[in-house]
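Presented sequentially are two complexes of subunit A, the first with subunit B as partner and the second with subunit C.
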Partner chain A sequence: MIRLHNYTLSGSCYKVRLLLGFLEIQHELVAVDFFPGQEHKSVEFSAINPLQQIPVLDDGNLRLRDAQAILAYLARRYDTGRTWLPDDPARFGQVMMWLGFAGTELMAASAARLHDAFGFDLDIDRARSDAHAAFAVLDDHLAERQILGQTWLVGDTPTIADVACFPYVALSGDGGIGQEHYPNLRIWQKAFRRLPRFDAVSGVPEFV
Partner chain B sequence: MTITSDSVALNQWFPVAYDGQVKPGASRDTILLGEPLTLRADASGDLTVQTQTGDTLPTIRAFTLVFTTLGDNPRPMPVIQEFDEPDRRVVNCGSVGVQTSPCRIVENFLDMAHFCFVHTDILGAVDETEVLSYKTRLHEDVDEIWATDCKFFQPAASQSARDASAGQLTDYIYRITSPFSVMLYKTAMGYADRLDAICLFIQPKTETDCIAYMPMALLDDVSSTTSMIDFQQTIFLQDRIILENQRPRLLPISPRSEMPTRADLSSVAYRRWLKDKGLRFGLLLEDAA
Partner chain C sequence: MGAALALDTTQATALALSAHIPPGDVHPAILNGFELAVWRDSAGQLNLWEDRCPHRGMRLSFGFVRQDRLTCLYHGWEFGSDSGCKRIPAHPDLEPPKTLCAKPFAVAERFGMVVLNGAPHDDGTWYGVRTIFVPRPLQDVAIPDISETPWRTDGPFMLGTIDTHQVAVALHATSDGHSAIHVTTTHPDMDKRLSLARALVDHRQAMTQETT
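Right after this comes the complex of A and B.
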């Protein structure tokens, strides 16, 4: 059985849970007391992931860290339709490009949320302005896609690029980041919410 | 930022940290009622709370939290005996920042009508929305408002109930233990005559920027501590998004500003009690435009 080392309110764990749900993969959640316990910084958890980060996925003898790597593995291994991580080289490359974006630039929105909701000590003005810059890039891309009659970040079906980018966009309100200026982001989130087996987490607005 | 001049607000005990938040030898800056404070932990983790002018404030350690006060004659701390019962699991859920009035946070905690819509499939179900009649009473000896005889159908009333059944009619008792703190007692899974105790203590940094702390004293031999924290945080972050979107952020106190229903009995009692105390902090006193 697949085991996900998980904290419910983590956006990075949420994206993995979303894909496990979309692909209907049986799994077990191992609860990590990220807050307030900071269990991810414990000696025991450091043996699981020396980077002291969640999520971590165990599948048999394979252990993976990094949400984006986990999404790519699950799609390649379990998506028999091969739509969530396309084989076509150009689309594959584009998906990987947005996975990189989700793991770096977009994490500024995560930082703002950790500051506002959980009291993490960090530069909140910087986090919010970096998040807005990332949102503008994503919104512009989605505008171009919508002109072409497309809904998703890459190709004509949802991919792990959408899954990787959704959580910290949807949870941005938790970090005091408004979405008034990103109409295309809002259209995309609405479409994402309508995917079969979509599941919300606390802080994802019911109406976007 | 300046400290409030509201003597009712000043004369309260407020949490400023949860146990273990400031590591031994470390310090942390925070704000209480507009007053910047520095918390310093000694080698054993005990906290000293100081103002910017170097005054050391009194502290009380209780309910997994550290409390302090800026007043000369603070309202006594509430007595919550459940935290002293040896067979209880005392759980510290950390703290969560919420940008709204402390009084809105208290009022949301008292409200049963939102269970079905905000905590769908957990604390309420969309086909069981009725708030049955309940009673409120001012206990003058301790100056607390209690709401009793509360009942609500809940698909998953707690972590242990979620694991055990498909739903239950949960009994609730609410206690407003100060203008800025509230708690509830609710049916504990597997106990006929004892109740779980869940508290909400609020640290108002300003009138519209708060830190909420949620210590619990539960009867549960089954669930892991991590899963109990997870359950409570999931609930509170569902509330948080609603609370931060309520306007005005200050709680309107004029009876003409909103139309309460029967389900709002405890909220009406709370607002009237705040008004009788002469509290201004966190409240919108004039009629809403």
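Right after this comes the complex of A and C.
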């Protein structure tokens, strides 16, 4: 049985849970007390992931850290339709490009949320302004996609690029980041929330 | 909360692209700091309301549309197109009194845009290009240089030409010194609309750099 070392309110764990749901993969969740317990900083958890980060996925003898790597593995291993991580080299490359974006630039929105919702000590003005810059990049891309009559970041169907980018966009209000300036981003999120087997989380309503 | 803001309803103002408000969706818009909810019922009927639920002040743009009703996300109060509250889930047997209503504003569509206080008009087929936001007060916003002919003014719109097709631009002040630039066109060619959208990104980039 697949085991996900998970904290429910973590956007990075949320993206993995979303894909597990979309692909209908049986799994069990191992609760990590990220807040307030800081269990991810413990000696025991450091043995699971020396980077002291969640999520971590166990599938048999395979242990993976990094939400984006986990998404890519699950899609390659379990998506028999091969749509969530396309084989076509150009689309594969585009998906990887947005995975990289989700793990770096977009994490500014996560930082703002860690500050506001979990009391982390960090430069909140910088986090918010970096998040807005990342959202503008995503909104610009989606504006072009929508002019072309497309809904998703890459190709004709949702991919792990959408899954990787969705959580910290959808949860941005928790970090004091409004979405009034991103109409195309809002339209994309609504489409994502209407996907079959979409799973809501605190801060992302199931009703759309 | 700051001082109560009033909405200027004496003039027409374009607030969003029609294409950005699909049937069955609600979206926020801010005009001079005043928060509005723009929504269409599932049949496509457009509504423009203050973005406040009369119950607890929740932003209605966080809610959702089912058939001809907008539902507040907080306690599920349902409002009809006449802005009246139709159902309160916590009191399912209660017929809500007529005094419980959202605050509606006159709205129409023109040149492919949603217009506060606009007059209904059949303008033919318009395509959405983009809404971009720039960190500039309204009086300092430069009109993007995308028309092949001099702009001509029509109410809140500036109308120009691209390849014998029309292009429309409208502006409004949002909040915190930001402004929105809305662009639509009758140009049927997708690639042309893509290049227009890219020109607007460049325009925003130029205006942002001048500010900082």
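Here is the rule we use: the second predicted complex is superposed on the first by the 204 of 208 C-alpha atoms of A that agree within 3 Å, B and C clash if a C-alpha of one lies under 4 Å from a C-alpha of the other, contacts with A are read in each partner's own complex, and residues count from 1 in each chain.
Assume contacts are C-beta pairs under 8 Å (C-beta built on N, C-alpha and C of every residue); 3 or more make two chains touch, one makes a residue touch a chain.
The model shown is predicted, which means the values in this text are computed figures rather than measured ones.
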Determine, under the contact definition given at the top, whether A:G119 touches first (subunit B), second (subunit C), both, or neither. first
Which superposed partner A:R65 touches (first subunit B, second subunit C, both, neither): neither
Of the partners subunit B and subunit C, which touch A:R3 in the superposed model: first, second, both, neither? neither
In the overlay, answer first, second, both or neither for which of subunit B and subunit C A:R186 touches. second
Tell me which partner A:P205 touches in the superposition: subunit B (first), subunit C (second), both or neither. both
Once the shared chain is lined up, is A:D140 touching subunit B (first), subunit C (second), both, or neither of them? second
Return the residues of subunit A at which the contacts from subunit B and from subunit C coincide. 205
Touching residues of subunit A toward subunit B in the complex: what are they? 7-9, 31-33, 35-37, 39, 116-119, 121, 173-174, 176, 201-203, 205
Using the touch definition from the top, list the residues of subunit C that touch subunit A in their complex. 16-17, 19-20, 22, 25, 27-30, 62-64, 71, 73, 128-131, 133, 174, 178, 180, 190, 193-194, 197-198, 201
As the complex stands, subunit B meets subunit A at residues 18, 20-21, 28, 92-97, 99, 211, 224-227, 229-230, 233-238, 240-241, 244
Help me check something: in the complex, which residues belonging to subunit A touch subunit C? 140, 143-144, 146-149, 179-181, 183-184, 186-187, 190, 205, 207-208
